[in-house]
Amino acid sequence: MALITKKAKDSFIVMNELVLPNDTNTLNNLMGGRLLHWMDIAAAISAQKHCNRIVVTASVDNVSFQHAIKLGDVVTIEAKVSRAFNTSIEVRLNVWAENIPSGSRIKSNEAYYTFVAVDQSGRTIPVPEMQPETEEEQKLYDGALRRRQLRLILGGKMKPHDATELKALFFPEKDQ
Amino acid sequence: MALITKKAKDSFIVMNELVLPNDTNTLNNLMGGRLLHWMDIAAAISAQKHCNRIVVTASVDNVSFQHAIKLGDVVTIEAKVSRAFNTSIEVRLNVWAENIPSGSRIKSNEAYYTFVAVDQSGRTIPVPEMQPETEEEQKLYDGALRRRQLRLILGGKMKPHDATELKALFFPEKDQ
Amino acid sequence: MALITKKAKDSFIVMNELVLPNDTNTLNNLMGGRLLHWMDIAAAISAQKHCNRIVVTASVDNVSFQHAIKLGDVVTIEAKVSRAFNTSIEVRLNVWAENIPSGSRIKSNEAYYTFVAVDQSGRTIPVPEMQPETEEEQKLYDGALRRRQLRLILGGKMKPHDATELKALFFPEKDQ
Amino acid sequence: MALITKKAKDSFIVMNELVLPNDTNTLNNLMGGRLLHWMDIAAAISAQKHCNRIVVTASVDNVSFQHAIKLGDVVTIEAKVSRAFNTSIEVRLNVWAENIPSGSRIKSNEAYYTFVAVDQSGRTIPVPEMQPETEEEQKLYDGALRRRQLRLILGGKMKPHDATELKALFFPEKDQ
Amino acid sequence: MALITKKAKDSFIVMNELVLPNDTNTLNNLMGGRLLHWMDIAAAISAQKHCNRIVVTASVDNVSFQHAIKLGDVVTIEAKVSRAFNTSIEVRLNVWAENIPSGSRIKSNEAYYTFVAVDQSGRTIPVPEMQPETEEEQKLYDGALRRRQLRLILGGKMKPHDATELKALFFPEKDQ
Amino acid sequence: MALITKKAKDSFIVMNELVLPNDTNTLNNLMGGRLLHWMDIAAAISAQKHCNRIVVTASVDNVSFQHAIKLGDVVTIEAKVSRAFNTSIEVRLNVWAENIPSGSRIKSNEAYYTFVAVDQSGRTIPVPEMQPETEEEQKLYDGALRRRQLRLILGGKMKPHDATELKALFFPEKDQ
């Protein structure tokens, strides 16, 4: 049975979390690990909406934390699928931190989590394709191939030499 | 005042966590985000031991999850500093999952978290250098430069062209 | 200084939560109290966005739970301000429960939470007015007066005789 | 099989909770949603004691929060069944907040939660009647009919015109 | 200023907790450590009520766990002060586990926790005496001396030879 | 089938926990009950490693808390089996509290937890013997008999007269 192609908007979800005391370190800043945990839940819901299956986290790409998020801030996480491969789903996350009383709102993070869809006994199963609609979705879709090659290299499953897409990103002058 | 050079073993710590129901999804598997959260706490303790300062998470490198960890398993996280730069500390993590009744124990993950040391008002401060002692520590120490370049490129703070160490990874035949 | 009038959409927020084991009873159903807790956090964020102040919960109106929400379901809470009075803010909540693998999605609850805005020492302060824009927002805005009278009567702060708006609800034939 | 009639005292329970950091907002006050969660657990235990069955929350009546409860305070929740209908149980709650070092103790809330009893597959089942013994219990028992009519009207399941008990409460001059 | 003598009933408190999934091991039984945590909170509230001060746990006596407590059970903890010494307070706990649907209720544990009262800077301060009223309270009061000697011996602060009260309990034939 | 004898080192584990806001009282000190909970988890993992079975807590011996542990401190718990009896396992715990920025590290507690091994239906089963190797392990092994007698007496399961080992502790001059 052919799987129905999905749109990026089909998997778009928003999560808002209030930073509470137990989420913070002794400087009253949100701990990075707590944010990674929330992002995983948001991304998993998004991946579920894409494939209507139980999903398990396969990887998280490099995430950097450039701004301190404070106790009492509201963290807004937006997630949507950027591309689907045979049995895996890449989800793009945008994270904002907002201090509502002061009116400040900063882009905190961008990240990619990947998931695989599984059946009730935990076996991997195919997922629908994702058809980008907007220019921004197309750009995320195209970049997914490069990110996938980087994951495979970092996981020791691909030789750098074979990562043609990635080379084109890093060293365009040599590959063109 | 010159900072005292530290050894890798000075920052070595072990954390054991029991996988409880709230850490799991509906398949009774540990959720990836929960593990990332534990890893962040273990790595932060290790980085603190290196610099004797409060630390905040600066980034987490690509982490992949290849094995399901089950409810009731014991997760063992070993962390130690692999290299320190001017104000940042890279921590290497090894994660195992053990099902004690069945006697199975698998290497679950390897990962790198980086931290910056801050004073009480949150300003970045210098950290001690890390002097590798064993061959394995030296190898992690050497690789840290490449990983740092990759972080800077992925964060848009370095042009691929300038990432000489990383090039050596991708095009060994051309750069050596 | 006059407060700037806000729109309903200025305070609109969405929260998604995954039902985890600790949120459920022995039938694996979400406990009502846990949902009330999430709704309070979502409504507080919405009220904060309206007044850009710290807010404290003043009351929750009658909430009924008509459908069992299961372990693993995604709870979606939408909140926006329905009306502001002098120092209090009424927030309207819509709650859905979705079982993504099965594709079922039900409207679980509607509710109203009210908040007061306070300064750093906890003293009540005035809040901006809310100007409805759509027909649905106008309807919620108009109903707020009746709900407020009901709260005052149930709290022993208004005599039923004076609740003219509420009388119109109970005895439309007599009041129109 | 006829169900044995129960007394109010058969379902009386007391719960004490210490307000911890994660229960509070940035003013160090207990969040309303957390209190609603505790009240739901206390009321559910009371309803269980009445019917010796698993119970699920059916509704919570209007609850108002008039006093700030502080970090470190002890919250005391007393619950007992006020009336049982065919398959539903109304529980009356009294809540106090006590700051033990300062010796202050205030009545924080009164509330009504209703529950339905269910079997292992979640189907509604009949519950025992509740026979009031004291004057206060009789008063709560009598009021339960009015509160039930209000719930039915607010839930859109009864026309205001038919709520004869409720009319008598709100507009005694017209109905007597 | 002389401290007012307190009665045992002044410090009597009851705590009811519902056993939730995260409180249990893989056999769905309440973990001993979780119960010890609840008992500490209940005992601390009781000790606070005795001295109207902040209290910190000084010790817990031997506690044995003889019955499995199941997921969904209600744990009832009763605590009251059994004796006060100069700056320390001994609290006696009785713990029951109840499976309400099946009607079974067992005495799960008896235990003694001791606390010291402290001021805002954490310095130990004197506490009121406790005056037993009933025969049972007198018996607990008398036994407190023996239990205190056992604590001192186990903590290396008293030589067994000097524990006259304890010898009388353990080896009455030799000491009388 | 004979069970294989285990060594103390086979069951040695280390757990590190960061003291977070919700673990503390209003003086920002770790609550005793929270520490007892962590110790139970560490000890259970150690006991599991000894017998490769599910274990349940049978008792905790007297634990005293002599030092305040602060918010932000790292608690290190070391656990290893000190002796095994027919179906029960005694685990010795050493607990340290470390304030890393200030460099202070104190021995916080020593404790003994005992466990019984059970099969999937909760029935008690035999456990391997523990063979001490070092002098310190031998000393802990020898002391286990006295501690066991004390547990049996305190639990009302042994008459003091029969506790020959314990008598040797109390009346060394008479028994040697």
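Going by the order they are written in, the chains are A, B, C, D, E and F; count residues from 1 in each one.
The rule is short, and it goes like this: contacts are C-beta pairs under 8 Å (C-beta built on N, C-alpha and C of every residue); 3 or more make two chains touch, one makes a residue touch a chain.
The shown structure was predicted, so the numbers you read here are calculated from the model rather than taken from an experiment.
Undergrad: Please report the minimal path length, in steps, between chain C and chain F on the chain touch graph.
TA: Contact-graph shortest path, chain C to chain F, evaluates to 2.
Undergrad: What's the overlap between the neighbours of chain A and those of chain F?
TA: Under the touch definition, chain A and chain F have B, D as mutual neighbours.
Undergrad: Assuming a repeat means more than half of the contact pairs shared by residue number, which candidate in C-D, A-B or A-F repeats C-E?
TA: Most of the C-E contacts reappear at A-F.
Undergrad: Farthest chain from chain F, going by mean C-alpha coordinates, please.
TA: C
Undergrad: Measure off the straight-line distance from the CA centroid of chain B to the CA centroid of chain E, and report it in whole Å.
TA: One centre to the other, that is 43 Å.
Undergrad: Using mean C-alpha positions as chain centres, tell me how far chain A is from chain E in Å, no decimals.
TA: About 50 Å separates the centre of chain A from that of chain E.
Undergrad: Let me have the rounded angstrom distance from the C-alpha centre of chain A over to the C-alpha centre of chain C, please.
TA: Each chain reduced to its C-alpha mean, chain A and chain C end up 31 Å apart.
Undergrad: Can you check how far apart chain E and chain F are, centre to centre, with Cα atoms defining each centre and the answer in Å?
TA: Roughly 20 Å, centre to centre.
Undergrad: Chain B: which residues touch two or more other chains?
TA: In chain B, residues 21-22, 25-26, 41, 44, 54, 72 touch at least two other chains, as defined above.
Undergrad: Pairs of chains that touch, anyone?
TA: All chain pairs meeting the touch criterion are A-B, A-C, A-D, A-F, B-C, B-E, B-F, C-D, C-E, D-E, D-F, E-F.
Undergrad: Under the definition above, what is the set of chain D residues touching chain E in their complex?
TA: Interface residues on the chain D side: 13-18, 41-42, 44-45, 48-49, 52-54, 72, 74, 100-103.
Undergrad: Using the touch definition up top, name the residues of chain D that touch chain C in the complex.
TA: Against chain C, chain D makes touches at 25-27, 29, 31-34, 36-41, 44, 54, 56-65, 68, 113, 118, 120, 122, 150-151, 154-155, 160-161, 163, 166-167, 169-174.
Undergrad: Using the touch definition from the top, list the residues of chain E that touch chain B in their complex.
TA: So the residues of chain E touching chain B come out as 21-22, 24-26.
Undergrad: If you look only at chain F, which of its residues touch chain A in the complex?
TA: Listed in rising order, the residues are 20-22, 71-72.
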